[in-house]
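Structures follow.
You will see chain A twice below: alongside chain B first, and alongside chain C after that.
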Partner chain A sequence: MKRGLIRLITFAAGLILVVEYFWPGRPGDWLDVSRRNYLDFTAVVGAFGLGVGWYQLVHGHAVKLARLRKGWFHSLGFLLTVVAAIGLGIYTRGMSPEHKPGEFAGPWPQQAWSYMTWGLMNPLVASVFSLLAFYVASAAYRAFRIKNWEAALMMAAAIIVMLGQVPVGNALTYHLPRWGQLPVWKTWIMATINGSAQRALLFGMAVGAIATSLRLWLGLERGAFFERRL
Partner chain B sequence: MQQPWYVRLQRIDRRIVYLFLVAAVAFPMFTQLRFPTFTTPETQAVYDAVERWQPGDGPVLIMADWGAASWGENGPQTQTVVAHCLDRGVPFAIMSTGFEGPIYTSHYADQAAPAFGREYGKDWVNFGFKAGPNYGQIIAAFMPDVVKFVQTDAKGTPLTDHDKLPIMRNVRTLADFYMVYAIGAGTTINDWVGLAKPRYPKVLLSYGGTAVTAPEVYPLMDSKQVVGLLVGMAGAAEYETLNAQRLKKELAALRAQRAPPERLQALEKLIRTAQHATWGMSMQSAAHLLVILFVIVGNLAYLYERRRAALDREARQA
Partner chain C sequence: MEASGHATVGVFLVALFWTAAIIVNILRARAGRELFIRRIPGLTAVDEAAGRSTEMGRPIVYGLGLMGIHITTFASLAILQHIIRVTARLRTRMIVSVCEAPVYPIVEEVVRDTYRSVGEPEQFNADDVRYLPGGQFAWALATMGIIAREKAATCFYFGWYEAESLMLAETGFSVGAIQIAGTDQLHQIPFFVAACDYCVFGEEYFAASAYLSREPVMLGSLVGQDWSKILILTLILLGLISAQMVESGVWVHNPVRFLLDSWSWKHFWQILPRH
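So, the complex of A and B:
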């Protein structure tokens, strides 16, 4: 019974969106209003989902901290950060509606929020992603080996694109006719060869997405609510 | 027993590779080395789209879905297009699904506005960020009724207060926008193409993405669903070059007209400082050259090792 009810709600909700997409109503008619209400409702459900996710995280780390399991200090750091970030964020919301990056003036809660965000979080996040450059350089050096002619072709294309993407490539070949310039070759590789391959991938992904979506919409998907006894 | 040189050359310690990379990236910083940029057709297309804007076309929607992680690429892409919009008088609205993007974008607008005599509320508005479970659902809810979905700007001013926000006077749905410029580290443009283009075909779509995600957008450009594309920091540098050429002409014209000194100073400062991507491309050039060099060295050593092994086999068989 419950499984049937879930399938019915899933189907009805999906039906509104599908019908409205292929048969768009005039603004204000019942289909348009239904779609908007449905989208507002999903935003609310999504917010509840965020709350459930937060509860799981905080609960898991709190249990780890209470029982002093291995790595409990990481959980302590996480919980203190969560409390500080959420507490300061809510407390400072009314002080200044617009936080400016790098601005550390104002009342102490706002200063603390600014230091935490612009002084700590942003530089850390930027640094972590900057490390990728080192990993890519090291991995490219170790792994790219010309073992056959396909690998040689890929290597040549990679070198042309890498040089064509940066001003050095332009500086090396700008005196040549247009057909000999590295940036022109790079644009051709990206637009023609890469474009064709990406288009093929997009087709495949789209067909897969349609198939999966249909299965979910019609309740044919296994797992989650569709097979468990409720 | 020490390994032969061609084996050691394939296994250089990664810390040495990192040191070389640091040195290569730092070198252009100290030498102020610059190379001319080549403007690609995809960047030129975005620039031309902003240039073609006419009064009455509606504002541009800048979807700043990026943060500190991709600031190196998305930051200059945002800054340079914002400066172009302010210069041309193209009104724009800032929005995002994350909290950082609108703050950075608004900061860029505040920095550039004095150079062009632009005002918040009249020339741009910041919608802030809208959180939601799914990017597509945020767009789907935003498109048919912008005012009802956003309600207030980031400062709490209702969008219906047209005295404080005259930019919103004729904006009701996505159809009232001229272009959506989606900037981000992920391919958010796919959602715009799938959801917005069928219903609002006249709204232009453009994308500013990291160099990793930009290749996926080329088919969309080919099918004319996306008008143009800024590829990573290189795209931003190309756009900055196009901007700088125009801004320098404007500065000369303003000097001839004896414009107010504060406006001249603001424009000079903008020309001087809005060159992050151009500056960064020198370092990226050095990094690319170094990676190519290491790959070539590693492969030459590998090919030599294979040749030696083949010759040794022939010698043993003989």
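So, the complex of A and C:
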């Protein structure tokens, strides 16, 4: 009974979007309006998920702090930051219309919020992103080994593309005829060979995604969604 | 989640064939027909990787990726369930990290129900399904911290990944974990291939639930999917040829006469290299 009800609700929910997509209607008709209402409803339901997630997070850290478990000071820092960020965010309601990113002006709650967002959060994200360069170098050094002809071919293509992307590659070969210039080779590799392979992958992914969506919509996907018993 | 445009008649017909192909093959599978599916090394290694964690006495870390309620996440959940079924029997601890809030209650429910379905409800630990908010890099750093502190023996990365993919994989490598990754993100495939032991990408990612469960219905839908792919490839090829014909100006209103006319073919092959 429960499994049937789940399948029915899933099918009915998906049917709205499927009918709207295939029905030869016009923008603004009842199907279009239904779709927009449906998407708004989805956003509202998703917001409830936000509450559940935050409850679990705050509860877990609060318990750790209350019982002074190992690393309790991290939980204290987290809870204080959450209170400060949420409090300031609600008080300032984000940014005022005349406030520009990077400007630390206005009353003190607004300044504090700006410092927290533009002065702390954004630079931290940028710093972490910049670490990626070192990770790429480390992974490339470890992974790129010429063990066979395929690896050699890949290495050659990688060298051509990397040199073709940077001004050094252009400087090295600009005096050569067009067919010998690294940027031209790079463009050809990326557009012709790589582009074709990417399209093939995308094609397969799209086919797989549609098939998986169809299985979910029709209730054919097995698992805890539909209470499969082992 | 805005719908992108509206279907044309051609899209409707292809979708109709697609659905029919999947349903027909599901019915064939239910009737007992044996359906072949090729080996996917990354998915075959899932059981081995989970067993390694048990032997080493270290936990498994499962990253669900960045996306919220999306088909990529649902495909990842199907794989997560399979891994839980394997690890529950082996009594191996699994830590699941979630980035998006709307997904968190779904993941928690799926994990709890899967443990219950294998008769091990007491193994479910709500603290091991961790909601790690703060965006892409905050989630990635938190997950990297979990992998490093817990010294994970196995790391699974199935979902929507972006720039943080390599950072996660390198952290897993640094603690000596066996890593299996799967994503439908084209640009992260090279990073996962370089840094992980096994990689499942493209269509294989969405075929994972069918491959791991080996359920006839799921395999049937995979075969139906392949039939649809053949149809679309045929249409692409026909479209390519006819586009060449039209552009080269050798297309005539009577295609039968065109096919039989040797002069038209000679002209067609002369024009083709220019395009």
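Here, the second predicted complex is superposed on the first by the 216 of 230 C-alpha atoms of A that agree within 3 Å, B and C clash if a C-alpha of one lies under 4 Å from a C-alpha of the other, contacts with A are read in each partner's own complex, and residues count from 1 in each chain.
One rule holds for everything that comes next: a contact is a pair of C-beta atoms (placed from the backbone, for glycine too) under 8 Å apart; a residue touches a chain by one contact, two chains touch by 3 or more.
Bear in mind that the values here come from a model prediction, so they are computed numbers and not experimental data.
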Contacts for A:209 in the overlay, against chain B (first) and chain C (second): which applies, first, second, both or neither?
second
Would you check which partner chain A:123 touches, where first means chain B only, second means chain C only, and both and neither mean what they say?
first
Which partner does A:136 contact after superposing on A: first (chain B), second (chain C), both, neither?
both
Could you tell me if A:162 is touching chain B, chain C, both of them or neither one (first, second, both, neither)?
first
Using the touch definition from the top, say if A:145 reaches chain B (first), chain C (second), both or neither.
first
Check the residue A:37 against both partner chains and state whether it touches chain B (first), chain C (second), both, or neither.
neither
Mind working out whether A:194 is in touch with chain B, chain C, both or neither, as first, second, both or neither?
first
Which partner does A:181 reach: the first (chain B), the second (chain C), both, or neither?
first
What is the contact status of A:220 with respect to chain B (first) and chain C (second): first, second, both, or neither?
second
Can you list the residues of chain A that touch chain B in one structure and chain C in the other?
24, 35, 39, 42, 45-47, 49-50, 125, 128-129, 136, 138, 140, 142, 144, 198, 201-202
Write out the stretch or stretches of chain A touching chain C in their complex.
17, 20-22, 24, 35, 39, 42, 45-47, 49-54, 56-57, 60, 124-125, 128-129, 131-132, 135-136, 138-140, 142-144, 198, 201-205, 207-216, 220-225, 227-230
Could you please specify the touching residues of chain B with respect to chain A in the complex?
10-12, 14, 17-18, 21, 34-38, 40-42, 67-72, 100, 103-104, 106-107, 110, 126, 131-134, 137-138, 140-141, 144-145, 154-156, 173, 199, 211, 215-216, 218-219, 221-222, 231-232, 234, 237, 281-282, 284-292, 294-295, 298-299, 302-303
Per the contact definition, I'd like the list of chain A residues that touch chain B in the complex.
24, 27, 32, 35-36, 39-40, 42-43, 45-47, 49-50, 97-101, 121-123, 125-126, 128-130, 133-134, 136-138, 140-142, 144-146, 155, 159, 162-163, 165-171, 174, 181, 183, 187, 190-191, 194-196, 198-199, 201-202
Given the complex, residues on chain C that touch chain A span 1-3, 6-7, 12, 15, 18-19, 22, 26, 68-69, 71-72, 74-75, 77-78, 81, 85, 98, 101-106, 108-110, 113-114, 117-118, 126-127, 131, 133, 135-137, 140-141, 163, 166-167, 169-170, 173, 184, 186, 189, 191, 194-195, 201-207, 209, 213, 215, 217-218, 221-222, 224-225, 228-229, 232
